[in-house]
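Which chain is which? They are A, B, C and D, in the order written, and residues in each are numbered from 1.
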């Protein structure tokens, strides 16, 4: 089956040359070079004047796992007000906008031109359930980052001054056991500290009982992830989320990585100064400066979008602090398996609220101040900053200065005054959008066959019909192909293939299993033999596994 | 124009826009409602130094009040919403909240609402409670004899302050008797108060003073004891003048009150009263002009 | 170096193969198993559960006649296709089974409920509308220094509760066994050797007693004249919880007094929210037998709603009253019943509607079902996945005594396939 | 006036949310008959179940009549204005999320009447089921305003999670009356079941029948004849409940639930 997407403007962030007007050819599930043997296309898609890009990749979106399900539970209004009927015999129904059900998540992402989504906060002990849940997220490829750095085993080994090699083996074992694609650390040490009743944790403050510091945890994990060769660097949610003045913590976290690659996630929530009479200010420029100076650092923004949403986080310490912001006033906190935690707080961001308005400007400042689109990714930390359905609007804010300024005029006047956003003239080009939503995430995640349109790539292709309203254009692309199958047209789902589960399987010395086994035997309520996902479990759940290669290394990036 | 032998000068009273509200204060007995009303509307003759002008509009029977107890209707006037808000908070807080058995309600349903109970509730130190019944919201503030109930907000209207007329006569005794007749009749009306002592002012004031910092001073043109040395407005036989000042919820109420007062002052005149006039500033300052001849036509 | 995750058991230091027991929400995974024999470690529920494997084999039936799965599925499909309000109830299946049943229910516009939902929906109602603080089994086993049991001794429904979650010989973060307290009816009380501090109350007094405890924790006045409420013991419990480093309040929602469960949980949740302002105290809402929490989780992720979901309106709708399966049957609102009992053994409730029984061999049907599909038990006849009573850990169930009985997922999928030709 | 006469008791539950006088006023008989209504998984139309008659125009008045109304759910749901009169019984969630207008039911109502009601008035001539004035599943807040008067008895959970408004049960109320009350006023003329006000935070429960046994987390604050009681009596009298109003005299005040915020009150006979 050969498909020709004819007449579009190809915008491939991974290619050095500028945008080209040419046909794109797909054979089965791959992009191919234009046939030279004169074979005709089996079908031709008229994409005249359309913008043709690779399928978009969301590097950080909470789409599955126990806390996502708790988020759904806590959002009855979202599900009541956003019913989604079955749109075809082969499709499934669902509900929700901020905490959509799984089928709805997959369909909505695909209809927006996204073909891969990564769940960034899988609790290790919840891995099996998370993957079973992701099996019901159709169309898109998905993967999950396992959360480490608050697991008691690792903290105890770090406290016992374990060698880096042992840490590396443990991390690799854990990634295999949980079928993870990357490693995340959330509030390093802080979730464990909260279980010992510590309400905050500074980066050089010892974790209660263990004595190790967040700085040490970040250093050990960043190095481990790099040395075992996981493509995506350690994915870091810093300490002190949401606290005024936390920019210092964020900058210290960059230093803690000691030059190893790290990815700082939802940095908007970590770019706060404490200036001004309200003691809350933007420190976006300092973060942007640090990103420019540290090539080992990438970020995603975690833009907030005004409206009601649900915040879902492994960071129980921060979420417990935020409970007073709950709207409606109901929240959940959970300590999980000597391993992690989760906290749920419904939230309503208001443009009339000074803090929320300033958060909004800080996110946009970060986008506009970080110059290298390869190292800043478009996220709202769905749903924490706002639902992924708001991405089209966010793209418009980045590409359309006059719209941005119209929105800026609506927000709390003191926040508007405090922000430097008004003076920023930058408008993202479509090529930059393609990099930050496709080529960049693909490179960061080691997805060599995705995020670009070169022959050989997986045929995840999106054709956007040009529209002066960029948001409208990105909301419902004219054509979306997933692995060569047209899955969506003008916002409507046509087909629902299941997508793959992306993972990496770093190698490790099996000696580590003996230690971990003893820990499980002595302390845990699940046995060592039953903790890892067994071979075939993902297949039984209907998931097709796609493994990305590791590149182990002993040196720094 | 001559009314009962009194010359009505062809002039006008010049009045100003104010903000006003009506409160209903109830208590266990009419006596305690009256005590609360007198106290809350005391020291409220002129906005110049009292912050507000206030007075008792009328007594209310138990059937007329929200809680079925005897009460009293009070009117408050101030120069702005903020001034009125502050005056209400201070006066109700000090004079009604403190008074045994009272409760306080809005007596006006129209207009933009001003906070009252919602400001006073903090006296409850966390033990206050709101209660909404129908479309009204009340605050219940625990006090030593039970609860002080006060409506959350009160209505407020654009009103008219400074309606007036002056009674010119031969003797103090005669002029005072005429003014008393006027006030007695005017007090039967709804929507107006005469904020000066007993409803009557002797200190007709003019704008400005020869002394720095004084915004108003004695109205020398109407002071009989110095009429020989000032540019007097008094005919030679006038040796006493009193003024009645009226604040009302609207222009019609003020006009009606002036007409009622002037007629009552003139009625039964035994030659003591010579003339009725009114105070104005040449029509330059106040938007409301009450022409005496038109009111009495 | 190797790809270690795929290796099973048999490590040099391993203790031999163990399997998980699917028959209560604890999902204890330390039962030694070999050659089709499972050692049930003195657990009566596990013993009874694994003994079910010996039940005589029964055939699939349609209209009282033996048939094969395909024919039974076709007959079931015909009933469901004609039904206006088909009810899927019982639902004691593993996660794959629940996922497949949800797909089928959506396809035929049905209503989905679970036989234990009355209990866990009380927990769900409080969790989502009021919020709480909870923890999972391993946190409790390693941190708890004070444990308050509310309502009934958990051993009633979770026989190895004390052994697995309390009497941890090697806890990570406590120096001595946790101090145990109990608040509930005298008849449900655990032994005083196990739980020394007991505030026992009369029938129907759980709510006022919990209210008093919550007020004491807030240092608010408490009326002491009601002799039915043991205030002195509650004062002691309150002091222990406040002084605890990591207190735990445990309740088995199914064992709470009928009709009082939701408000009892509400008061417990209020205590948890309050206690965590100054110290740590977590709730442990026990439940999840019959994979009830797996059913809730899968329904939540597939539909956005917890159980008692209806697909009749197009998009899934949740209504704990309207889609209460037992109520619907009693009120004559359902016109077909799919009764699923794989992990559970309850027969379908009596009704006059055609019944499609997807049940294990030992489930006796008091009246013949229109369609009888005999399925295996996950974790016994075949592999499967189930979610533990702490809602976080999913357990891989292996086939302890493998058989070729079809799974619930296979049965549901066969029916779905039988429906396919219909658009 | 529009009349919908139910022909027979439907075989399953029918939801009449949105079938309200304000929304039907602009439609003719044919259009009303075509309004969709779901029966299980089947799409049916209003005309399949009701005989529809319009008499006179321009009035926001709707009458629903006929036996078997106990299977009609959400009657008056989403009503914003006008008058809806039911001659007979209604099913669950009568007056769901009403924002205005007046719903009068001559018979009894099922469970969860006045759920999430915001404003307007509901009068039930007979009994009501459980959770009168409560919250939608999963929602923190129940009834937020308006007035409900039940002429006879209510089952358990009256005003569960209610936030504002007035609920009057002239007869008796079942267990858990005013549980989790956030604010608002509940008046019960007759007996009141076990555990009133459990986990209430603010608001008032006025139990004019026999004094119930209260949890130890309710604190006795003495007997009072408060102005608020006079205001309530006035309000009841305005609703035509003069007899009930006349029974509000000095009452004993308990504050609770001290297990929660503890700023609510239960007023009971001395």
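By definition in this document, contacts are C-beta pairs under 8 Å (C-beta built on N, C-alpha and C of every residue); 3 or more make two chains touch, one makes a residue touch a chain.
In this text, all values refer to a predicted model and were calculated from it rather than measured experimentally.
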item	value
Fewest touching-chain hops separating chain A from chain B	2
Chain A-chain C separation of Cα centroids, rounded to whole Å	33
Whole-Å separation of chain centres (CA-atom averages), chain B against chain C	74
Separation of chain B from chain D, taking each centre as the mean of its C-alpha atoms, in whole Å	47
Distance between chain centroids, defined by C-alpha means - chain C, chain D (Å)	35
Where chain C touches two or more other chains, by residue	128-130, 311, 313, 318
Two or more partner chains touched - positions in chain A	73-74, 76, 329-330
Touching two or more other chains - residues of chain D	137-140
Which chain pairs touch, all of them	A-C, A-D, B-D, C-D
Contacting residues of chain D [partner chain B, same complex]	145, 147, 164-166, 183-185, 202, 204, 224, 226-228, 230-235, 238, 263, 265
In the complex with chain D, residue positions of chain A that touch it	73-74, 76-77, 80, 328-330
Residues on chain B engaged by chain D in the complex (per definition of touch)	26, 66-69, 103, 127, 129-134, 138, 140, 146-147, 149
Complex contact set, residues of chain D against chain C	11-13, 38-42, 73, 92, 111-112, 135, 137-140, 156, 161, 175-176, 179-180, 194-195, 198-199, 213-220, 256-260, 262
Complex interface listing, chain C residues touching chain A	1-6, 8-9, 11-15, 17-18, 20, 29-30, 95-96, 99, 103, 106, 124, 127-139, 141-143, 164-165, 168, 170-173, 245-246, 276, 279-280, 282, 297-298, 300-306, 311, 313-318, 383, 385, 387, 391-396, 423
